[in-house]
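Look at the two complexes coming up: chain A is in both, with chain B in one and chain C in the other.
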Partner chain A sequence: MATEVLVPLAGNIWVVLVNVGDEVEEDDELLVIEALKMENPVYAPCDGTVTEIRVKKGDVVEDDDVLMIIEES
Partner chain B sequence: MKPYFENMERFGKTLKQGRIKRAAASSEQLKQTEKEIEKLKKAVEAAGFSTEKINQRGVMTVWQRIEYLVDPGTWHPLHSLYNPLDNVEGTTNVVNGLAKIEGRWAVVIGFDNKVMAGAWLPGQSENILRVTDLAKRLNIPLVWLVNCSGAKLPEQEKFYANRRGAGTPFYRHAELQQAGIPILAGIYGTNPAGGGYQSISPTILIAHKDANIAVGGVGIVSGMAPRGGFDVEMLEELIEKTREFSASPPGTMATHFDVTGFVSRVYEEETGVLDGLKDYMKAIPAYKPEFFRVATPKAPEFPIEDLYSLLPANQKEVYNFDEVLARLVDGSEHMEFRPDYGPEMYTGLCKVDGMLVACIGNRQGFLGKGYPEYADYPGIGGKLYRQGLIKMNEFVTLCGRDRIPIIWFQDTSGIDVGELAEKAELLGLGQALIYSIQQTDVPMMLVVLRKGSAAAHYILGGPTANRHNAFTLGTPATEIAVMHGETAAVATYSRRALKEKDAGRPLQPIVDKMNALAQHYHDHSQPDYCAQYGLVDEIVKLQDLRSYMQAFAGAAYQNPTSICPRHQLLLPRSIKG
Partner chain C sequence: MVFFDNMGLLALTPGMVFMWIIGLSLIYLAITRQYEPLLLLPIGFGILITNLPLSYLMEPGEGLIWRFYHYGIEWEIIPPLIFLGLGALTDFGALLAQPRLIFLGAAAQVGVYVTFFIAYAMGFSLEEAATIGIIGGADGPTTIYLAAKLAPQLLGACAVAAYSYMALVPLIMPPIMKLLTTDAERKIRMKKGRKVTAREKVIFPLIATMVIILLVPASAPLIGMFMLGNLFRESKVVERLNETAQNSLMNIVTIFLGISIGATMNAEIFLRKEVIFIFFLGLFAFMISTASGILLAKFMNLFTSNKINPLVGAAGVSAVPMAARVVQKVGASADKNNYLLMFAMGPNIAGVIGTVIAAGIFISILQ
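Let's turn to the complex of A and B:
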């Protein structure tokens, strides 16, 4: 099953920590969004494989934008 | 109450390898800061004459006396770098901390006899008053190692007089004794004038055979009458008098043991004095920890070393406070109070060495959509909002009712601001928390994990809570200032910049001033600054935080002034529902 990772808080992409094809576990850090002057990590909602990344460093993202897709294992 | 406390809810998760890897540079930075702080502490310890030189005189140093006196592994130093008036000696010349003596917690303080034979120095009385406040708040004995040559005369104007001057500790000693808190003094060396009052003001006096205590020492007695100046003839006369008084100084043990009887015991050996103090400590009332334990002590489930990967050195990086707390409390277990309300604050019951403590800490990061409920902007951890303030007021009040000591953890940028925040009553709720703390009246300690800013630093159990905060610790990531330096620069220069712009003048000079102010804020908010100027009582290594919490809990429960029977506690039942 594919799970979308959504933007929890509008801001700028500070850093992307994974690549397409990476195996991740629930609660792994996927990327960091800079918002409200803070660097906020976004965590994996489930175990799986990163199949798609839709953002890159510096992108402006809005609430509920899709950041990446994880195929659940 | 066993079902409540023996096995509480587990919290925290095993650290991910990815987190450890990502935090490697931050972890290294924290450890580097700890090394730098340690280096500064070593320099203070080495102040004055060398240990060898003092030992050659047949005398122990204050550090050797403390090492002999306290139970191994229980020394928790405080105020190691405290030197608020920048003394050239690098110290206020008293060494102090929490330690066990014969199994009982005490506040221990001693003059550094390597520096000017333990003289009074600027800033010293403030250091001593912190220590007497600590003994009073925890209701535990104060143990003095007196070895005080009196005032450093060329700088007396900085400390002799004033409301909180060098004489104030003698009133504080009287105040402690009035409250039933004993003060034990081991007395060494020559203690004239102020040193004499340092010696006479405690409850029990134990002295070394060569010690003397006196209203005035040789220097004063031999030259007391001012004659409007000096000449060689007068100096010759002074030399003769000094020779005479030095041969027979006032206030020896022949007087104060044999004649006045002020001194309870006199010992031939320096260690004998310390053994005498240990004897008296055995005679002081103290509950055994079992009396107040609600469960068997347990180590945290996760290693304390994890803290270096969990707490980012970068002030902007968000982390999980609950994971930090899980590394510090027994069994990584807790009972959280109102977890579904006021998400920016953690409030909960935890155990330290099997004893119940209340923990309050700032959570970090995005607080979820729709919070704060009174605003159209997102809430972020570190800030305080209406619900968090109400929750803390309730929690603190219940802790007071249940007589539970509180450990605060600060990492706060302040209370929410703006018209919506005003309408949400945050100004009133902040001061209400101060009232709740005052009303609660239980021992509290504070750890400033990272930021201590704005009024939030006051209301979250900060050291400004003089009668409640026993002590405040900083970490290698601590940063305390009214606001961030860049924010201060904007507040200071934005209108000026506008005027310069409209006048057609260059902006670079304003930019330079803004950068200089931001740098000034940075330099005056870092761990070493906080320790030197008393914004915290000690900067400790992250790996030592739990040990200080154990010292606090042990001391707070050693001889509490009021008790709530465990089967009459309300807070755990309020949490359970």
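Let's turn to the complex of A and C:
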């Protein structure tokens, strides 16, 4: 099943820590969103494989935008 | 012989040397720990230079820094200009998305009033007590503005207390936040507020200006400038003014503000036992304000199913945005997938306005 990872708070993408095809476990750090000069990590909601990444470093993201898609294993 | 008579070394007192240590310590903390460096560095230098004898930098009518102080702070020009910049930097979106969080910013003024009464009971005059209490609002320019109006002799001590405690927010607040909340409360995830339109953001500063100044006219200089700055920002048509207000102008007035405040702290004025009480009472005010925001959030939760994470109440002490960042950190330490930062910005900004209103009320009652 494909799970969408949504933006938990608006900000800029500070760094993306995974690539398409990576295996991730629940609670692994996927990327970091910078908001109000603070780095906020976003964690994997489930175990699985990253099948699509829709953002890159520097992108401005709004609440509930889709960051990436994880195919649950 | 005239040269020796005019040499500062002979006029030096132990108190002045003690003030050097304070000034140099602030400069040290600003440089090595980066505690509010934009303010504590010029303040520290101001303290140092004003305690070099016979420099006459603060001599009324002729001293260089006296002129900065007189025309900038006594004439009440610098704090409102800082508010212009703060308004241009402020996004009211978080507040407008969840207007009920305004109450948390108001609750955090409790520390201001409790401390006001305690300081008065301890023998400070009403004007001095008000100035000490306002430290609990954790807002530098408001503290300076009120002190210049009501109790100029306390200005330096109150300003340094306010800026020091703001720098120490990450140390002062978390123990209180953890003490007053349960683990389950810290894990509460809040529902996102509604989307705020660009039109609402333009209309808000206009309405807020009218409502607040009609109710508390004495807050007009600070609120007026704050909302004008915000209108620069949200109108999107005066980008040059917006940019100047939040960067160049703010930086320029910060230089004059810092050195002037530092220079008010000469040994005679500063080295009195009242100053120790001021630091103690200021810290107390700060802690009560943190606690009252949290407690009101818990109280509001009794009446709503859309629960508020009580940690965001702590952000009602202004200290923008440090207090909101601390809320985010404490929240994330209970549940790392909980993002409270933007929710905390609502009470945080409401806290700034609340402190200005509290100061306005003091001015209208006491002047």
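The definition used in the following text is that the second predicted complex is superposed on the first by the 73 of 73 C-alpha atoms of A that agree within 3 Å, B and C clash if a C-alpha of one lies under 4 Å from a C-alpha of the other, contacts with A are read in each partner's own complex, and residues count from 1 in each chain.
The criterion applied here is as follows: a residue touches a chain if its C-beta (ideal position, glycine included) is under 8 Å from a C-beta of that chain, and two chains touch if they have at least 3 such contacts.
In this text, all values refer to a predicted model and were calculated from it rather than measured experimentally.
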item	value
Contacts of A:Leu9 with chain B and chain C, given as first, second, both or neither	both
First (chain B), second (chain C), both or neither touched by A:Asp28	first
Which of chain B and chain C A:Leu17 touches, first, second, both or neither	first
Which partner reaches more residues of chain A (counting touched residues only), chain B or chain C	B
Partner chain in contact with A:Glu39 - chain B first, chain C second, else both or neither	first
Residues on chain A lying within both footprints (that of chain B and that of chain C)	8-10, 27, 35-38, 40-41, 63
Chain C-touching residues of chain A, taken from the complex the two chains share	8-10, 27, 35-38, 40-41, 43, 63-64
Complex contact set, residues of chain A against chain B	8-10, 17, 25, 27-29, 32, 34-41, 63
Partner chain A, residues of chain B touching it in the complex	13, 16, 18-19, 22, 314, 316-318, 364-366, 369, 378, 380, 382
Touch list for chain C against partner chain A, complex	192, 321, 324-325, 328, 332, 336-337, 339, 341-342, 345
